[in-house]
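Two complexes come next, and they have one chain in common, subunit A, joined by subunit B in the first and subunit C in the second.
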Partner chain A sequence: MSKPTLATVSLGGCEGCHVSLLDAHEGLLDLLEAADLVHSPFSGDEEIPAHVDVVMVEGAITTEEDLRRLHAARASATTLVAVGSCAVLGGIGGLRNLSPVAEVKARAFGDHVTKSERLPRLRRLVQPLSDFVEIDISVPGCAPETGLIVDALVAAVSGNEFSFGVRNLCDECHREKRALLEHSSEFVSDDVLALMELDEIDPKRCFLEQGLICMGPMTREGCGAKCTAANVPCRGCMGPSRLDYEQGAKTIDALAAVLPAGGIMYMDDLIGTGYRFSMPVSVFPGALDHEGGDDD
Partner chain B sequence: MALGVFLSRCGGRIESALDIQAALAGVAGRASVVRVLDDFFDAGVAEGISRDIEEHRLDAVVLAGHSEEHFAKSLSASHLRDAIVAAGVNANRVAAANILEQCALAHPDDVAGATAKARAIIDVAATRAEMAEAVEGEMIRPRSSVLILGVTAEAVVAAQRLLRLGYSVVLADREDGSKRAGRAFEMHATTSYVLDHPQARVIDSARLQDGDGYLGDFRIVLESADGLETYRVGGILLARPDHTEWVSELRQHFRVDVDDAGFARSLDPAMHPAETVDPGIMVMPLRRSDAQQVDKVAAADAAAMALVLKLSHDTVVHYRDTSAVDTALCGGCATCVRTCAFGACSISDDGFSDVDIRRCVGCGKCVVSCPVGARDIVSSPHDYLLGAVRDLARAKVEGDKVIGFLCGGCGYPAADSAASTVAGRGVGYPSSFLPLRIPCGGRLDALYVLEAFKVGFEGVCVYRCREGHCHNLVGNLDMDRRVNLLRTVLRSRNIDDARLRIIDISPFEGEHFIHTLEEVYSTIGGLANGKGGPL
Partner chain C sequence: MTETVTLPAIKRIEGHGRVALHLDDDGRVADAHFDVIEFRGFEKMLEGRMVWEMPLITSRICGVCPVSHHLAAVKAVDALYGVEIPRAALLLRELMHLGGFAQDHALHFFFLAGPDFLTGGGASRDLLGVIEARPDLARRAIALRRAGQNVVEVVGGRKSHPVAAIPGGMSRGIDRSQRDELLAAAKGMFDDARSAADLAVETTARLMSENPGYASTPRYNMAQMRGDEFAIYDGTIRIVSPDGSGFAEFDAAAYADHLTERTLDGSYANSPYLTAEGPDKGGYRVGPLARVNMAETMGGTHADELLAGFRERYGRPVHSVLAFHHARMIELVASVERMIAVLEDDEIVSDAVRVRVDRGIEGRGVAAVEAPRGTLIHDYEVDMVGRVTRANLVVATTHNVGSLDAAVLEAVQGFAKEDALTDESVLRMELGIRAHDPCLSCATHEIGRMPLVVSVHNPDGTLVAERGVS
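Moving on to the complex of A and B:
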């Protein structure tokens, strides 16, 4: 019996998810043992073959070309695996949904650049894959933990179910809480600080108690809390643990209960903090009353 | 789920203002029984409803007519509820659809609008009745002891009545014995009867340090010169509602309403002068400076009687309207611990949130603060509130639709009292104002506001308690903080944040309610951008 086939596709993303996959090093051999890689961004062929057992898709839908390629991937795939927060949640690029497309282009390329005919049409909104097609397995993260991607792909090529935890990141974070565990009407910290404002960050203590915004409570577990272990607060890249709970709104609901809401850092970029990876799956995935995509 | 819908004409006040059949048309398709009655509180009505429940095996009941708040206060209304529960419907599946104050009386000049709004309110109540989880009542054998806070003339009279009925009494006073004796000396014979009684204890120079529990079974920790002592009592009588220190100590642990001066307030000064929002706590009505002895005795009698009415049963049922934790979702982030003003949340050894059901008052603040939706409270489940926002948006009323999140402590009763203001001036407020009751301002989830704009409301207002008056201490201020941050979110999506208004109000301020509503309508009427609706 021949091995199942695997293809990987990169849409509107940074290819960081592919890099995370490559990070598996020898682990890749296990994957390639189980499946034949028939197509990838590095393989040269432009179009995905007509039938592939498992297709991994990285990136969000940002252009008409992304959408066309997504439909092609879906048509050829038995199992479609969405990898990365771009694919699952719209991702960091989704923050551009707040501005009109013309403004986005002007910011990126300047006012006086004309666009080549050959470039695909930019859509008004960055959207996750699930807005258009059915997804069989979702692995959020920016980029997702290498192990998670490999596990998901191995499960997919073997025809197994794949799932992981849905609690929040605090469940797997090793940091110690003290003030948060005590009933009190005071906030856990007097102030909200930027990372560089602290001379020293206690590597053992929960960030929130040190006055640093940590997105752990609003973020799904699964990455192994690698940032908080490296003494960096979570930025929320795994997205919310339930998609019907938007991460940005819950950031407000939850953090305003424990930190002084007037905290400058937080107020400065409330949107970027709360919706950094998940704007396109929020109740309002973009700003209202904006014009359509480019060339309109 | 078999649903029964009973609509009261409320003695004719409903049918003159709206089309009853049209109001029931939406719910008719999903209900097993729909009945229109003259008045819920006529003799025999409770028996008739009970028969329907048994015959049609109803699981959920909607009572369309009076306000939800009415059912918490009136003795006749609680009789009706008890009969419904006795007939086999779970207490959490009896929902009031307030079409009297919120529709019929509010929009006397707009029959079509009142009808469409009533239809939406009945639909929402039906959903609430059907989807709310059944709650098990806890059977409590009430303790035959009472704590009286403040040793006043009224306090000793009440104590005497209670002692005569076989209750034991703890009298606690802020001052030392010399001052207290002077105050209560006015009724010398009674005072000596009480103070010398073997079943009475007097604690001088007392402070209330801790407390938990509910009607029938309170645990109270008092601090005095003798140190800390714990008392178990069935009820609490606040003899000094004007003593702001007692009041604020009580408020740290139990729900107590306060008025503008910070004095403890009863449910309704006219009809229920002793009862408070907490069924186990009574207040002595405030004493006027010119009060005669006979007034004091009457006040003491009323308060003692109100408590005895509740404690004299073999068992009382306590429905736990508490917060529940879904450990499949809880990651132990402890946000809820910090949010709960009553110290009811903690993280247990297994790493999940744990609720102390003796301390939880069901305010729902922790539900909002939990970032993963691991919590819910039984009386106002998340799915119901979110669904209600969508259902109300479908009401076929004319004009700019505004949703009002009305806090059960202040906003909702204020909207009810607006009915009498409307009666006075003969002109209603816009029927496109659609009310949704939430247990506390702190229960306002940012998601509900966003959803409201998404489903097409032109404006969102939140009526909440004035500062210092929140049942749940700081639910209102927590909400303010959240809403102010949420404004940034709205602006980022091009929704004018003037469409979102927070309004402070007290329960009896119907006039202020209408006035602020008019302001809301004139504000949003002038806004161009940021109309809701899907992208």
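Moving on to the complex of A and C:
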């Protein structure tokens, strides 16, 4: 029997998901033993072949060209694996949905915003792949841990199911948490602080109890709680633990019992923190932009 | 003239590197541009965010060198609030940067540019070709990358998009056992780095003799240096003239007084030039070649020997872009040597890794680091609460846009359109482009191979021919 075929495609992202796959190091050689890599940013022809067993897609849909390449990938793939929060949730690039395209371009290019028609046309909104095609396997994270990507691709190549935990990050986090579990009539802190403003960063206590916004309660497990272990609060890159709730709205919901809501609003950036990786799947898209895409 | 020739090889390959050639009235190639077709609009997205989140957000601009953005951003916030970070934090940040730098250089030399010169004629010109034809080199590259990424993860908390550099220092330090483990690994990298450098000496010489005189127009060189020493984390920005004499030296905060960013119709990248020299004469080059040209010392014994050998062979300053490959591997050795020195400094295990930083200043913070591909500048303006009101980022590849254009033009200048589109011509253009290692995320969006679409335009801009080559 011939080996299954594998392709990887990169759309509107940063290549970080591909680098995370490269970080499998020798494991990459094993993956290349198990499957024939027929097309990727590292090798193969320009266009994806007509039929490929497993296609991994990194990045969100940001231009018309991304969309064309996504449809080609879907048409080719038996199993389509969306890798990274850009592909699954729209990701960090989705923060551009807060402004009309014209303003985004004006900020980068000044008054000189006319661009050749030969450049790919920017779409009005950054969107996740699932807005356009059916996804067989989703691996969130920015970037997802190398092991998660490899496990998903191995499962896809061998035709197995792939799944991982859907509890929230606090479950993986080693920090002692009391405020989240106990009822209290007091806020844990008068202010909402930035990490740099703490006298001491307590390496053992839950960040919420230190007066910081931590996205742990609103974020899916699976990264190994790397950031909180490194003494930095979670910023939610794995996306919500269940797609039926809004990651940012849930932030207020979960934190208002612990931190003063006014502080959250004034001292911090609720939208940019709460929706950092999931703006395109929130209620916000389009709310601020009625102008259409690039040249409309 | 509206003649349109579409060559049979053309395919629609938007996601790839793109080159536009412009003909003069006689139908000869007179101008060339390497165009960037990706645009994510980060500068606008950063407005309204809290400035201390910049190190965590901007790393997502580039998955290939996230550490550079993480550090340029955190340094800009330190500058904004006027904080001096403890020496241990300085060492840790530099160490993280060196880890990312070394893995990136190894990735480029073996897997991205390597296919141009490491594999024989028959092998496919991509990463798989290297793995198949030279498994020994692939293992070396993997070992270097693994060790470099491990440094990033241990010091930075994560290997993709690290988190531990915070305004005022580091969120936490490393302990003795982590130091010992990293030191052993860094010493292990040394042999691999040295043999990569030996290979680079030989292959660069071969490439240069096969392509005599190719892409070697004198340009200005720019890099941030620590005095006369190669340094990737801090220092002042220096510019030297095409003849090697000093031209300017300034703190990163003054970059806007010296550089002007010009926007281009056909590209989503801006192209900066030296303001004092104007757009035509003020083109400059950044990255390994610029740094190695400018350094009196690489900061390590073996790297300094390599530097002396480089000078002896090619003189100073070197303008041939093919020498980028050689320069890059001198830097790989230098960064491993520096990594060892930093890890042998006992202060690296100190607990005093941060000072508290308070918000409450309205103002501006600017800082630069040397990213693997060259000088990276982050510039933020913030309000009293710490919200970003304006952001400007000058990434390494944009500094090199002019140098990339020149390399492409030299490959085909004066050619008629048919000759400009032959396999041989396209290969020559590619060679020059790849030597620069244009940032794959912000420029070509392809890792490791760079199929090009080359288009040819009349003086009035109309498209007359186009072909894609994989």
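Simple rule for what comes next: the second predicted complex is superposed on the first by the 280 of 296 C-alpha atoms of A that agree within 3 Å, B and C clash if a C-alpha of one lies under 4 Å from a C-alpha of the other, contacts with A are read in each partner's own complex, and residues count from 1 in each chain.
The rule we apply is simple: contacts are C-beta pairs under 8 Å (C-beta built on N, C-alpha and C of every residue); 3 or more make two chains touch, one makes a residue touch a chain.
In this text, all values refer to a predicted model and were calculated from it rather than measured experimentally.
Superposition of the two complexes onto subunit A shows subunit B and subunit C fitting side by side, with no clash. By the touch criterion defined above, A:Thr79 reaches neither subunit B nor subunit C. In the superposed model, A:Gln210 makes contact with neither subunit B nor subunit C. Judged by the touch definition given at the top, the superposed model places A:Ser138 against neither subunit B nor subunit C. When the shared chain is aligned, subunit C comes close enough to touch A:Ser10, but subunit B does not. Touch criterion met: A:Arg242 reaches subunit B, while subunit C stays clear of it. Once the two complexes are laid over each other on the shared chain, residue contacts for A:Asn168 go to subunit B alone; subunit C is not touched. Which of subunit B and subunit C touches more residues of subunit A is settled by the count: it is C. Rounded to the nearest 10, the superposed model shows the Cα centres of subunit B and subunit C diverging by 150 degrees about the centre of subunit A.
When the two structures are aligned on the shared chain, A:Gln127 is found in touch with neither subunit B nor subunit C.
Contacts of A:Leu98 after superposition: both subunit B and subunit C are touched. Superposing the two structures on chain A brings subunit B to within 11 Å of subunit C, judged by their nearest Cα atoms. Counting contacts as defined above, subunit A residues 98, 267, 271 meet subunit B in one complex and subunit C in the other.
Every residue of subunit A that touches subunit C in the complex is listed here, in rising order: 10-20, 22-23, 25-26, 28-29, 32, 37, 40-47, 62-63, 65, 68-69, 91-93, 95-96, 98-99, 103-105, 107-110, 112, 114-116, 118-120, 122, 142-143, 194-199, 201, 203, 226-227, 229-232, 235, 237, 266-269, 271-273, 276.
In the complex of the two chains, the subunit C residues touching subunit A come out as 11-16, 20, 35, 37-41, 43-45, 47-50, 52-53, 56-57, 60-64, 66, 77, 107, 111, 124, 126-129, 131, 138, 142, 145-146, 149, 156-161, 163-164, 166-168, 171-172, 263, 265-268, 270, 354, 356-359, 385-387, 440-441, 445-449, 451, 455, 463, 468, 470. Interface residues of subunit B, counted against subunit A in their complex, comprise 328-335, 337-341, 343, 345-347, 351, 365, 368-373, 445-447, 450-451, 453-454, 473-474, 478, 481-482, 484-486, 488-489, 492-495, 529-531, 533, 535.
Touching subunit B in their complex are the following residues of subunit A: 98, 125, 166-172, 177, 180-185, 187-188, 216-218, 221, 240-242, 244-246, 248-258, 261, 267, 270-271, 274, 282-290.
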